[in-house]
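Chain lettering (A, B, C and D) follows the sequence in which the chains are written, and residue indices restart at 1 in each chain.
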Amino acid sequence: MREITVTQALEEAMIEEMERDERVITMATTRAPALENKFGDRRVRFTPISEAAFTGIGLGAAGSGFRPVVHWGMVTFSFVAMDQIVNQASKIRYMFGGQADFPVTYRCTTGGGAQIAAQHSQSPYSMFMHLAGLKVVLPSTPADAKGLLKSSIRDNNPVIFFECSRLAGVTGPVPDGDHVVPIGVADIKRAGRDVTVVGLAYYVREALAVADSLAKEGISVEVLDPRTLVPMDAAAIRASVRRTGRLVIVDEAPATCSAASEIAALVTEDAETFRALEAPVQRVCAAPVPVPFSPPLEQAALPDRARIEAAIRRVLTCR
Amino acid sequence: MREITVTQALEEAMIEEMERDERVITMATTRAPALENKFGDRRVRFTPISEAAFTGIGLGAAGSGFRPVVHWGMVTFSFVAMDQIVNQASKIRYMFGGQADFPVTYRCTTGGGAQIAAQHSQSPYSMFMHLAGLKVVLPSTPADAKGLLKSSIRDNNPVIFFECSRLAGVTGPVPDGDHVVPIGVADIKRAGRDVTVVGLAYYVREALAVADSLAKEGISVEVLDPRTLVPMDAAAIRASVRRTGRLVIVDEAPATCSAASEIAALVTEDAETFRALEAPVQRVCAAPVPVPFSPPLEQAALPDRARIEAAIRRVLTCR
Amino acid sequence: MSDDKTALVEMLRKMIMIREFDLLAIELRKAKKIFGALHPYVGEEAVAVGVCAALAPSDRITSTHRGHGHCIAKGADINRMMAELFGRVDGYCKGKGGSMHIADFAIGMLGANGIVAGGMPIACGAALAAQLEDRGGVAACFFGDGATGEGEFHETLNISAIWKLPLIFVCENNRYGAGNAVESVRRVTDIELHAPAYGIAGVAVDGNDVLAVRDATAQAVERARRGDGPTLLHCKTFRSLFHAMRDAPPPETRAPELLAQWKARDRDSIARFEDVLTARGVVAAADVTAIREQVKRDLEAAVEFADKSPYPDPADLLVDMFAE
Amino acid sequence: MSDDKTALVEMLRKMIMIREFDLLAIELRKAKKIFGALHPYVGEEAVAVGVCAALAPSDRITSTHRGHGHCIAKGADINRMMAELFGRVDGYCKGKGGSMHIADFAIGMLGANGIVAGGMPIACGAALAAQLEDRGGVAACFFGDGATGEGEFHETLNISAIWKLPLIFVCENNRYGAGNAVESVRRVTDIELHAPAYGIAGVAVDGNDVLAVRDATAQAVERARRGDGPTLLHCKTFRSLFHAMRDAPPPETRAPELLAQWKARDRDSIARFEDVLTARGVVAAADVTAIREQVKRDLEAAVEFADKSPYPDPADLLVDMFAE
């Protein structure tokens, strides 16, 4: 199968969906020449630096029959628009009794590792997950990125689509044609017996690398990628943990009230899974600090293979 | 001891702290006549409806030697100001290497139960807890409200101070004089042997009511009130769970990535506490919907005594 | 604008309906027949009715926390509005929204909004849709004087100007934002003065003169259709009653003289319009009485409709969350 | 303003230092001696230096993502700035901030800011502090033309106007917001035209004329001290180089003629000022050469200082999170 980068996969998805449905339009503060040349500046808009306005514009256009794809740039900038996300987008359908649909997709990049410091290295998915009313997507491979972006654009609800910056240039196989991945279905990236590692975005890859090296010692690690955070595929996660009896969750967001906290809670509140749990659930997350600029500090703040491996060994030994 | 309402307790705290330190100033979109008459309109300001601006103004004044107390009104309105909270207030001290302090307190009301529907019935504490760099306070009694507001104003960091709307008129004993409650210390509101119930705000009272009725059956419920959510008194919660072996968490925020999720994770990731855990942790939270307006729907969306009691019975029976 | 009799009479009827609807809602709220918060539009009827009289049924609007008037002016069904205030299944939002969240997308009413200025970007999105549909449609957003303090006001003005969107910014300057007089939160109260910095038209109009509002709106619609973009329309009116009530109306703190001035027959939006129409011979006193009686009957029917409608079934709590 | 020789020469030195600092930073970034993103201030030196020349050391400013010039103009230590770019413990933020987050509260530099318009409310808070301190202090916020699209711009203008805060809004209109020309995101590029709606002074000035900027700022300071509140100062300048670089500078997409125009001796902020000062006999060619050599030596020393400084100890990761 052909190999392309996540960035290329996302652009393919945009082009295919804009070709497929002329109600799909896009907005961002940066120009998208490829799309603009193909679809014109009526459907492909660049905006003033006014995130609150164009976030609401996307919602209003969605409620008026279009299917906007709004790109915030970094998730950092979405916070300027948080009223439109929290008070409007997440509530508008239910609050109005389901009388209209709001098929709008909000894209943004996330994550650290590029020495661009606190404001530009955030991974606040859980803040969006907490809001009942949004779907939340976080792919880790080019194929999932393409397939899930297509599903997000076709979904009739507001979807927050996170793009991990460190994965942008990563290549992987992507099927030809209309490759669609359903929202809400986790994927076991590697099957294993001894411990379940739930990784998010970049840390799916890191977990797989650790699984490889531990395999040499005969430790069998299952690596599960939720791919969508809302709806979360709790059934798949619980089933995996019931098989392995052990769970490690890896993400670069700080642990407090994170997606990792939620996964830990989903596992331990389920009676059957709780009974199968043989060791404390471990969260391998970022340190509780704004991501620092200096490389040695940034490395210390973010999870890495050593910490993933240590957590796996902890749950394998500690009882 | 004299009994006053939470609202009176909070006003006492404001007056005492403004008398104690003239660098304490206040801002809100609504006038505060009592304070304005006492301290004048230079220190007691009402603002245009511009939450982003006056949230940042509070931060900038704090970095310039003052101790602002900014009242957003409802937490709902803080989302208009989220950039200043997420990208500025929570990161400014660490990002700048600790060269300045930012003693600013952000007050706001939270919670449902008043039939004011989705936008005006939110309890999004966890979105603030997730941000490394903010302290987060959520009292449940008049005494704690007064003591913790005083501590928040004296704290040299940004503090988010949540005021549960349904508790505003609730009365309770408040010691005379300079009553201060330290940030970061949980309080066991009722000691018990069989199960730990961690309640937040209004649901501390509801948990206590359930504990009373179950006591008649000889079921001994320990009710723990974290009082501050950041820093969370994990030691106190874990110690309680190690004693009782069972944990129920009650809050009116939706469960996903909530404070309840965090408490569940803190308990199950600690080896010693995990070993002591005899039943799955149960979260009694709001349904995953924007709070609906119609009374029967709103009641169904929010936790209540029946659901708290059912969760307690589940953890006592299920193994 | 068409000055045909039926159109003018319908404007008068809507203004009376808006006032009577909210006066009745206040009584129902005191009697605890309805719940939550209530923001009466009494005194400001000419703004909603004047603006909507210049819009087509297919044009879209966004409203505010004070939204009953906008609903009725855009043609909403008072039975379903009342049922919503009652929190019943036959309400516009099946009881999920209440007074602050009535919407009727079928008539282009994209929702009341509890967030000050929150509806402006949404209306801007509707204006973008209208521009892309290219069928001469326009959008209008209603907002208060207090909303001009919010950044979304400025951002939406700028984007709609640069994109030349068919959008009408209707500032309902009723002199107060909750407890604060507009002079206390703005150094300049001529809100239309914001327009030049965006290169758009800024117009001030007597917001208690329904025909003036209608005509100013019609001109804004023309500009929008010509591709000249948005208009900032400053409607000067007055909030006759309190900002909001829960269980009981708050005490009136404003000077009685001031209130009296605005109640005067030559100032009150409805009385003025009645006099204009009678002077023009469009209606006779008897017609007005008939309209008032019909409005009363319709409102009684609406209350009956609402009262008969069942409460939502708690089992349906999760319904309407996500679209298929 | 005092036109005494040392003050003028110091202004020239700072302008040269700003340009050389950023040109050097670009080379260091290409050589991977420093990390992250870099936003050079080259071409805009007259704005930062002109404004800060009219401020007292105790006055406070907020900066942007393009902040090196503001730091140097306000009197920051280039050794600690360079150490910060290197991510070392002797940097202003102990390596925690980097290029986009240099601050020196001791000299009233309240921080560069990676959020467009994000610094404006913070500066407004500093202005409130100055008003309460009542010692004649003022605050200034620097922001770009692109930042005028953000709501925080409008909100801060309005609050500072109503409170008559001693605040100076310095719009650095360098003609672009990243890849977008200002004309493409604003229908009106006379940014000072926003001022009348707030009842404040709006002034446009040649942003490449350091003395004009200084004098306009001095008048704004006067207004602020008189209690007349904020001024919106529109400084028209030009971004000579790229918006931002990571590992390598992005390709130049603008017309060579345009770039050449702004490089011309009568347009370039530094060359112009040199000629003014030589014409006035304030400096001779030799003095300028001496300044340039001193700047080079200082920068070499700064790089040496930075390179010698150790990286932060990962064990200190949690230090500086919360104040006692």
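Note that in this section a residue touches a chain if its C-beta (ideal position, glycine included) is under 8 Å from a C-beta of that chain, and two chains touch if they have at least 3 such contacts.
The structure presented is a predicted model; accordingly, all values stated were derived computationally and were not measured.
Each chain's centre was taken as the mean of its CA atoms, and the one lying most distant from chain C is D. Chain B and chain C have CA centres that are 37 Å apart.
Centre-to-centre separation of chain A and chain C, using mean CA positions: 40 Å.
Multi-chain contact residues of chain D (touching two or more other chains) are listed as 93, 95-97, 101, 113-115, 149-152, 155, 158-159, 162, 184-186, 321.
Chain B has residues 47-48, 50, 52-53, 76, 80, 83, 87, 94-95, 117-119, 132-133, 287-289, 292 in contact with two or more other chains. If each chain is drawn as a node and touching chains are joined, the picture has every node linked to every other. Considering their complex, residues 29-31, 46-50, 52-53, 76-77, 80, 114-120, 287-289, 292-297, 299-301 of chain B touch chain C. Residues 60, 62, 91-97, 101, 103-106, 110-111, 113-115, 118, 120-130, 132-133, 151-152, 155-156, 158-159, 162-163, 319-324 of chain D are the ones that touch chain B when the two sit in their complex. By the touch criterion stated above, chain D contacts chain C in their complex at residues 148-155, 158-159, 161-162, 184-188, 190-191, 193-194, 196-200. Partner chain A is touched in their complex by these residues of chain D: 35-37, 87-88, 93, 95-98, 100-101, 113-117, 146-147, 149-152, 177-180, 184-186, 246, 311-314, 316-318, 321. Within the complex formed with chain B, the chain A residues making contact are 52, 76, 79-80, 82-83, 85-87, 90-91, 94-95, 117-119, 122, 124, 126-127, 129-133, 230, 232, 253-262, 264-265, 268-271, 273-275, 277, 279-283, 287-290, 292, 318-319.
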